[in-house]
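In order of appearance the chains are A, B, C and D, and numbering begins at 1 in each one.
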Amino acid sequence: MEIIIKPPLGDWGLLKQECFEANMQLPKLGLVLFTFGNVSAVDRANGVFAIKPSGVPYEELKWEDIVIMDFDAKVVDGKMRPSSDTKTHALLYKTWDDIGGITHTHSTHAVAWAQAGMDIPIFGTTHADHTHQDIPCAPALSDEMIKGDYEHETGNQIFGIFEQKGLSHKEVEMVLLQNHGPFTWGKDAAKSVYNAAVLEEVAKMAMLTLQINPNTPRLKDSLRMKHYERKHGKDAYYGQGC
Amino acid sequence: MEIIIKPPLGDWGLLKQECFEANMQLPKLGLVLFTFGNVSAVDRANGVFAIKPSGVPYEELKWEDIVIMDFDAKVVDGKMRPSSDTKTHALLYKTWDDIGGITHTHSTHAVAWAQAGMDIPIFGTTHADHTHQDIPCAPALSDEMIKGDYEHETGNQIFGIFEQKGLSHKEVEMVLLQNHGPFTWGKDAAKSVYNAAVLEEVAKMAMLTLQINPNTPRLKDSLRMKHYERKHGKDAYYGQGC
Amino acid sequence: MEIIIKPPLGDWGLLKQECFEANMQLPKLGLVLFTFGNVSAVDRANGVFAIKPSGVPYEELKWEDIVIMDFDAKVVDGKMRPSSDTKTHALLYKTWDDIGGITHTHSTHAVAWAQAGMDIPIFGTTHADHTHQDIPCAPALSDEMIKGDYEHETGNQIFGIFEQKGLSHKEVEMVLLQNHGPFTWGKDAAKSVYNAAVLEEVAKMAMLTLQINPNTPRLKDSLRMKHYERKHGKDAYYGQGC
Amino acid sequence: MEIIIKPPLGDWGLLKQECFEANMQLPKLGLVLFTFGNVSAVDRANGVFAIKPSGVPYEELKWEDIVIMDFDAKVVDGKMRPSSDTKTHALLYKTWDDIGGITHTHSTHAVAWAQAGMDIPIFGTTHADHTHQDIPCAPALSDEMIKGDYEHETGNQIFGIFEQKGLSHKEVEMVLLQNHGPFTWGKDAAKSVYNAAVLEEVAKMAMLTLQINPNTPRLKDSLRMKHYERKHGKDAYYGQGC
């Protein structure tokens, strides 16, 4: 998307625009209904991130409405209340210092797997092109965590499942929260949205696969690593190498 | 939606327009086919409501076609025959004096649950964000009720299931009628349409969840109430607080 | 659809236009892919019907391409080869002298029931609003019929299942052909297309219903007849009475 | 699609345009997400084919970006890196000297069958209109083949399943690769895209058929051959005979 005439942006204008444009991809990709979902974009140099305001429908959202937060989830700039999931974003940025954007949706098939409380098994190369592992489903938070700082603890629950399974957040840029839905991340906000759309498609394919053959085995190692490394390894030859 | 040039509206013009615009959301949201479905909007001060005329395709519907009814389902204004479901709307408005709009659709997945004759179990936070209870399915009317004042009795069947299950219509703004389909309501017509779309999405997610894991348990209490109160409790922090 | 400037139509121009416009509804309603499907429209006064030419993509179809046939499936007017299903249409028009239009599609869910070789059970009021019977699935033709006059015999197979089940083609305006797909009819071409879309939706709802509850019983008689008569009986009160 | 004003095309311009236009059909037909999928078009006289560059989103693709390759998968013209699946295309063109276009997608339902590792059974006439055989699923490559010249060996795996099952690539213009997805071909690039869309629809219909009746038998021989020969035999009478 090319912006021909740029309005005067004021403070954090470019960061707000990046965040706004990434959020507006969610309804276009069919990943959200009404006000569901949120995307954030980070500015590492200034230690802040931009996030969608809470409960605003996408068709009414303007780039000026985007809220700027620090990594302790305090408002730095903006007149609106930030997404209710902001503390999860803040903790992910604070802990994983190499990610540039985060997306949370309630996309239909990813939510179905989260509600079923199951990891999405790696069944094919569409999945392996993006990660060589099952998509992990972090268990629901304990009652104490829920009654405590819920959205902050949601971040901790994500770290917990990655630690328990020995996963790298650089190799697996997506997770399901049991009973809730997916969080995805990436080098920037646009990549995190891309990952959210890929996850929804992989979730749908895996569900359909089990309808056809409930005993489908996981993808064998050689094919799993071949496809991942075709796109991500040091000898990757997918794409234009940039 | 902003109306720039308002036509001269005559009697009940604003009410008819509110009702018209809410009805026109149904095909946009993919909730209806042809003439299926209907939305009404109430005017409490005058003791009337506006409703879609019966059997008119949405692409031909004009705001002037909307019919004005009183709470005993008698026509107050309008040249067309009102929706065949009008008596159900009338009884709901008469009995629940704090609702402002009602929507009835035959949306695909909500109808599938109604045909299956089952409540939609609360499996996740998408559901809990909107209500903390299973979506109740009222049983089919008795043969006597069907042969009697069918659409009026449909309203009574809805009250019956809410009483039996001890539900509040303020906390559960949606119901399935067995073998038929969903009715939803809210503070105004637009909110009842919003609820109809949420119900269809929740119905689809619940169906898919059972495909993946037929033994999925219901959402635990702590998470169920946390998400509901995040949006609806006195300490709600979702949205812009207005 | 209103035609503002009518081109000079020549012979059969109005009939060809009715047929053309009904055919063009099929891709809009999502009922066909590429060249699949065909709609015909009858002119009883002249003993002819208009039908889509064979194998023409909808985006290339022009009203002048429509072919005029008599009830023995002989070309009366038109330069193109008519639909390969023309003899089925001809026999239906010849035998059922009160129908005005016929539609054949390969719509996804109706085909799935046809491939499964099963009647679509009446599970709800969406179905009963249109017919009070299960949608019958006529068995595959015998090898002799297939090697003989296949498309003509397809018509006979439809009459066979209606006779065997004691159905009226005025009350049940749709049928599945096992392994093939649906044929629908009505008072005119537009109504037959409407019925094709309703059938696809009812087929989808019934499939989903069985996913949720494989033991769903058929709709009880009182509700089945109530909804059918609300729209079709002598005391019908659905629609604007015209 | 008619090109009114043709830009000066330079070398391979017409071939690149044919390839470009066929690729652009993939997102329109809902067969691809982001950069997934690729279509190629052959020029037999010059012993080359045109193919989509690797990893380029469809909305950014220009006809000038298309890459020209020889049948040994060496670049003949073009500045971009060709699709990572190019060697599979090259081997198919080299071995089957009568095909004019090849399409590879990750379309949802075709991938689900590939992940399930199963041939798509012939259940109905929608399938038989296009081929009289089950759609074969070639087994996953051996670890040696994967570690070797993977995309070249993918072509050999396709030949292997056709040989093993005694299939003709003229009668069966589509195949699934286990765990991966479909490849389709045809007399030109546009026909290979058409086949990719038909395969996705047939895959969806077959999946739904098994949901309704898990014991659905395959289509009987008489109907299988009747429909195939109606469109493809020497006495074919579907279409306009051109």
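Everything that follows uses one rule, which is that a residue touches a chain if its C-beta (ideal position, glycine included) is under 8 Å from a C-beta of that chain, and two chains touch if they have at least 3 such contacts.
As the structure is a computational prediction, the values presented were derived from the model and not from experiment.
Please give the intersection of the contact partners of subunit B with those of subunit C.
Neighbours common to subunit B and subunit C are absent.
Same or different interface residues for subunit A and subunit D, judged by whether over half of the residue numbers are used by both?
Subunit A vs subunit D: different; shared/all numbers falls short of half.
Most remote chain relative to subunit D, going by C-alpha centroids?
Centre of mass proxy via C-alpha means gives B as farthest from subunit D.
How many Å are there between the centre of subunit A and the centre of subunit D, using C-alpha atoms for each centre?
33
So what's the Cα centroid distance for subunit B and subunit D, whole Å?
46
Give me the residue numbers in subunit A that touch at least two other chains, ranges are fine.
Touching at least two other chains: 211.
Going by the touch rule stated at the top, which chains touch which?
A-B, A-D, B-C, C-D
Quick one: in the complex, what on subunit B touches subunit A?
123-126, 194, 197-198, 201, 204-206, 208-209, 211-213, 216, 219-220, 222-223, 226, 230, 237-241
Please name which positions on subunit D make contact with subunit A in the complex.
So the residues of subunit D touching subunit A come out as 33-36, 53-56, 80-81, 84, 106, 108-109, 111-118, 140-141, 143, 146-147, 150, 179-181, 207, 210-211.
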